[in-house]
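Once you scroll down, you'll see the structures, which are given as structure tokens.
Shared between the two complexes below is chain A, which has chain B as its partner in the first and chain C in the second.
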Partner chain A sequence: MVKKIKNLKEFSLSNDRFEGANLMCPGCAHNIIVREVLNATDDPIIVATATGCLEVCTAVYPKTSWDVSWLHIGFENAAVAAATISAAYEVMKKKGKLPPATQKMVDEGREPKIVAFAGDGGTYDIGFQSLSGAFERGHNFMYVCLDNEVYANTGGQRSSSTPIGASTTTSPAGSVSYGEKMMKKSMVEIMADHGAPYVAQVSPSKWKDLVKKVQKGFEVNGPVYINAQSACTTEWKHAPEDTIEVSDLGVDSCVWPLYEIINERDEHGIIYSTKLNITYRPKKKIPVEEYLAAQPRFRHLFKPENRHIIDLWQKAVDARWEYLQKREEAGV
Partner chain B sequence: MAKKYELNEVEVWDGNMAAAHALRQADIDIVAAYPITPSTPIVQNYSKFLADGYVDGEFIMVESEHSAMSGCVAASAAGVRAATATSSQGFALMVEVLYQASGMRLPIVLTVVNRALAAPLNVNGDHSDMYLGRDAGWINLCSYNPQEAYDLTLMAFRIGEDLNVRLPVMVHQDGFICSHTAQNVRPLQDEEAREFVGEFKPVNSMLDVANPVTHGVQTEEDWHFEHKARQHNDLMNSMKTINEVFAEFKDRTGREYTPVYTYKMDDADVAIFALGTTVESARIAADQMRQKGIKAGVVSLRVLRPFPFKEVQEVLSNVKAVATLDRSAPGGTFGMLFNEISAALLAGGKKPVVLNYIYGLGGRDTTINMLKEVYEDLDKCAKAGEAVVPLQQFLGLRGPKLSFY
Partner chain C sequence: MAKDLKEIKDIEEIKELGWDELLPGAALFSFREPVEDVAEIPMEERPYAPTNSHEWQVGDWRVEKPVYNRDYCIDCQFCWVFCPDMSILSRDKKMIGVVYEHCKGCGICVEVCPTNPKSLLMFPEHMDNQEALAMWPKKEEKK
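After this line comes the complex of A and B, so read on.
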């Protein structure tokens, strides 16, 4: 059942099923994203979470921040956890053995939504095999990557989501290094290429766009991947109160473009159409330099010997934006 | 509703088929599995049962054993019955999640077809995987033949799911010698087996959306110790339930299981203590030794965890020499059975000679003659009243003899 949301005030007063009283850093975007995802529906939600900041900060015995059924197993298996909960739900529905309260919800057309949350370490790296397998098998669940481009929970090590030039604790900038050497992995396209019916990239600062995409994801049948930009005050090293501003700089510079990829399938599951839609176009595309300048993890790039990395960044972002627009125009 | 599988009073099944039928009859909701020799036929057989309408639940062919056990954990937390099968490297890949399954008190059943661990790569039977997982907080049941693999797999669900236990259960059988050797098996009919196993009783089901529950929490120095102590306490106390289930199974089938298995131990002076199919060979060796006037017996464990400490003490209370046979590379010390049996004897104030034999690694045959040599060693030690052979020897090893201690 799609929830009607009129405005931010009403949305922010939604009945929270994720408690704000948790141990996350002040200004952490994870909190904002999780609330936005959970508040996008009034249907029952079941959550699986990978090891990471979200997990260690929200379920410290004997307390829990979750007013939904919640499971954490390990770092690399949030996808298979959510996928198998989904399979277990389908089996019990088929057998007519769902718990009575759940059956009642289903009868009212309010099927539980099964959501996995994981960071980029748990998604791009160690959890990738489990994620790929679960998407290939086509389970009905949503996977949300809280992408802060670093192993924040273990103290800021690089992941395959860390962008070029970022200084992390395992790719530190130094007298002979500009920091991380590799470009960020293209996770959204990789997941779309699994044939998932719906894949999207979101930012917590564009809440309406995020909620709309999550609601679309809840309506399709099959695995859904949401890549969420999650500004990390601790590792991006911006002030806690600047989280939304930094997020906006990412979106408005097209470093973090907001778009969706829809794979439409026929009744046999054969994809007959792939569409990429850009869902937000900055009125004025700002230079990447402004996004980088707002985050001390890139401070060293502004030294004369590293300026070429900023030029490289701009080129890469422009090329990618061009690519996305071409795909959108071509309807592929 | 799943079709009834018509079974003969006596079927000819290998250990894998026996385990697969037990899983089928247990009415499992989710089997998440990945193939690995020699346990592969369990999941193949099971998926064929599903394809032919004999299974109501779901079979999920995942992309790794890590995901297989993770899927079982998630399904069990979701409040449904879950099981899987594996061997060797697959078992090793599962190890992280084995600890999560037991720590979260989820009654998953894992049928393990024991196989060597690489390197060197080897597909044949030994107990390296069993030894790798023995401290993972699971109940460990050991079988020697297809009948026992079948019986213990059915009983595993009853034991693990008991509300006083709520722990995962492994059922071990030897790779190839048990898993691929067809023997007579007397199965229960489907309705009898279902009645024995019973309906799954969900506890803190994640699917009950009216009662949200948090599974898999963080604990640090403030609570972790209490959780692990409670888990150990309940694993130790599970022996009561194990004995009750064994007794009920005997009432239904006439087949008797006890935590410690014995053969001709009433008057034995010397004993072989082993696990798995070797127990059956040792029985024949013991009989042959008795013809030569040596009072030989055999001891084994049906229940490796919880370790039946008292029963082991009692069974060995009058022996003069015992050989502990470990089918796993000991990695720089004595084998596990030597250590645990010696500890039990010492704590019971007994000091028979205890020898350790490493045998059968990577599927090396262990013949009745080799076991008779062990009895000869034991006899020498028993008569001398002390160890007159090295404490640790390798049985069936080619080349120069290897011994330690």
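After this line comes the complex of A and C, so read on.
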């Protein structure tokens, strides 16, 4: 059942199913994303989390911060865990073996929603094969990547989501290096190319866009991938109170464009049509420099010898924005 | 002797207990009794188990705390939606106040509050809220 959320006041009537006194850092965007995703529905939710900040800091013995059914799984297999839950649910439903309380909700049109949360390390890198497999098989679940562009939980190592120029513990900036050498992987397109019916990129600062996309994702049948920008106060090194501002700078500079890709795919995996929609267009596209300047992980780029990396950044972002607009225009 | 979770009634007892003292396979529950439809029950009415982090507190992480001033608030709910720690209490579309047991003092709610002057401001943790309200800034003129 699609929950009616016309505006923020209506959204604030939600009863959170994710609890306080978890041990995430003050100002962590992971938490804001989790709240917005869970509150997008009042239906029952089953969550599987990959190892990473979210899993580790919301289940520290002897506490749990989850009021929904929650599965603690490995670093590399959140997708397969969620896919398995989904497959088991379908069988139990078919055989009439759901628990009575669940059956009652299903009868009322409130199907359980199955969601996997994982970090970028658990998604772009180590969890990729299980994620790719689950999407290829076409299980019915939603996968949300909490993308803070670094292995935050183990002290800030680079991942294939870390963008160029970022200083991390394994790509440190110094006298001989400007930091990370590679631009991040295009995870949204990679997942869309699996033929998933719905794939989208979101930011917690644009809560309405995020909630709308999650609701759309809950409605489709098949695997859904949501790539969520997650500002990390500890590894991006900005002040905790600036989490929303940094997120907004990412969106308004088009470093983090908000868009969705809708595929029409049949049961054989044949894709008949693909459509890309840009869901947010900044009124004024701000220079990438402003986004970089707000995060000390990029501070060294403002030295004269590294300035060319800022120019490269701007070129890369402009080219991507151009590419997305062309795809939208062409309806592909 | 390994303990069964059912024997534990008091949160203090769990704090003393090591993970290796629980029966293998013991589950730590969110609620004291089965709850069928959590989304329909406001936090105040839920039968939280002592093993739910809701029953614990992280307020002592703060050096500064957000103080809420009803006089200027327009109930826009920006603070509610962007608080990472479920620490803005809103009921019936109205902002009610800050849950100091769970607030980590990040300051996001203050940053996103759109009123002039702000309806939420950070003050030193040790300051009395009444004292903070008495020194609330006046409306800032646009330059």
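Please note the rule applied: the second predicted complex is superposed on the first by the 322 of 332 C-alpha atoms of A that agree within 3 Å, B and C clash if a C-alpha of one lies under 4 Å from a C-alpha of the other, contacts with A are read in each partner's own complex, and residues count from 1 in each chain.
As a convention for this text, a contact is a pair of C-beta atoms (placed from the backbone, for glycine too) under 8 Å apart; a residue touches a chain by one contact, two chains touch by 3 or more.
Predicted model, so just to flag it, every value in this text is computed and none were measured.
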Task: First (chain B), second (chain C), both or neither touched by A:298 - done: neither
Task: Touching partner for A:256 - first (chain B), second (chain C), both, neither - done: neither
TODO: Quick one: classify A:105 as touching chain B (first), chain C (second), both or neither.
DONE: both
Task: Touching partner for A:236 - first (chain B), second (chain C), both, neither - done: neither
TODO: Could you look at A:129 and tell me whether it touches chain B, chain C, both or neither (first, second, both, neither)?
DONE: first
Open item on the list: Per the contact definition in the header, classify A:22: touching chain B only (first), chain C only (second), both, or neither.
Closed with: second
Open item on the list: One more residue to check, A:91. First (chain B), second (chain C), both or neither?
Closed with: first
Open item on the list: So in the superposed three-chain picture, is A:80 touching just chain B, just chain C, both, or none of them (first/second/both/neither)?
Closed with: first
Task: chain B versus chain C as contact partner of A:67, first or second or both or neither - done: both
Task: Overlap of the chain B and chain C footprints on chain A, listed as residue numbers - done: 17, 44, 61-62, 64, 66-68, 101, 105
TODO: Can you check the complex and tell me which residues of chain C touch chain A?
DONE: 14-15, 17, 19, 28-31, 34-43, 46, 51-58, 61, 75-78, 80-87, 90, 92-93, 99, 101-102, 104-108, 110-112
Task: Complex interface listing, chain A residues touching chain B - done: 17, 44, 46, 48, 55-56, 59-62, 64, 66-74, 76-77, 80-85, 87-92, 94-95, 98-99, 101-102, 105, 112, 129-130, 132-134, 136-137
Task: Residues of chain B that touch chain A when the two form their complex - done: 29-30, 32, 56-58, 60-64, 66-67, 70-75, 77-80, 96-97, 100, 202, 205-220, 223, 227
Open item on the list: If we count contacts the way the header does, which residues on chain A are in touch with chain C in the complex?
Closed with: 8-32, 35-36, 41-44, 58, 61-68, 101, 105, 204-205, 207, 233, 239-245
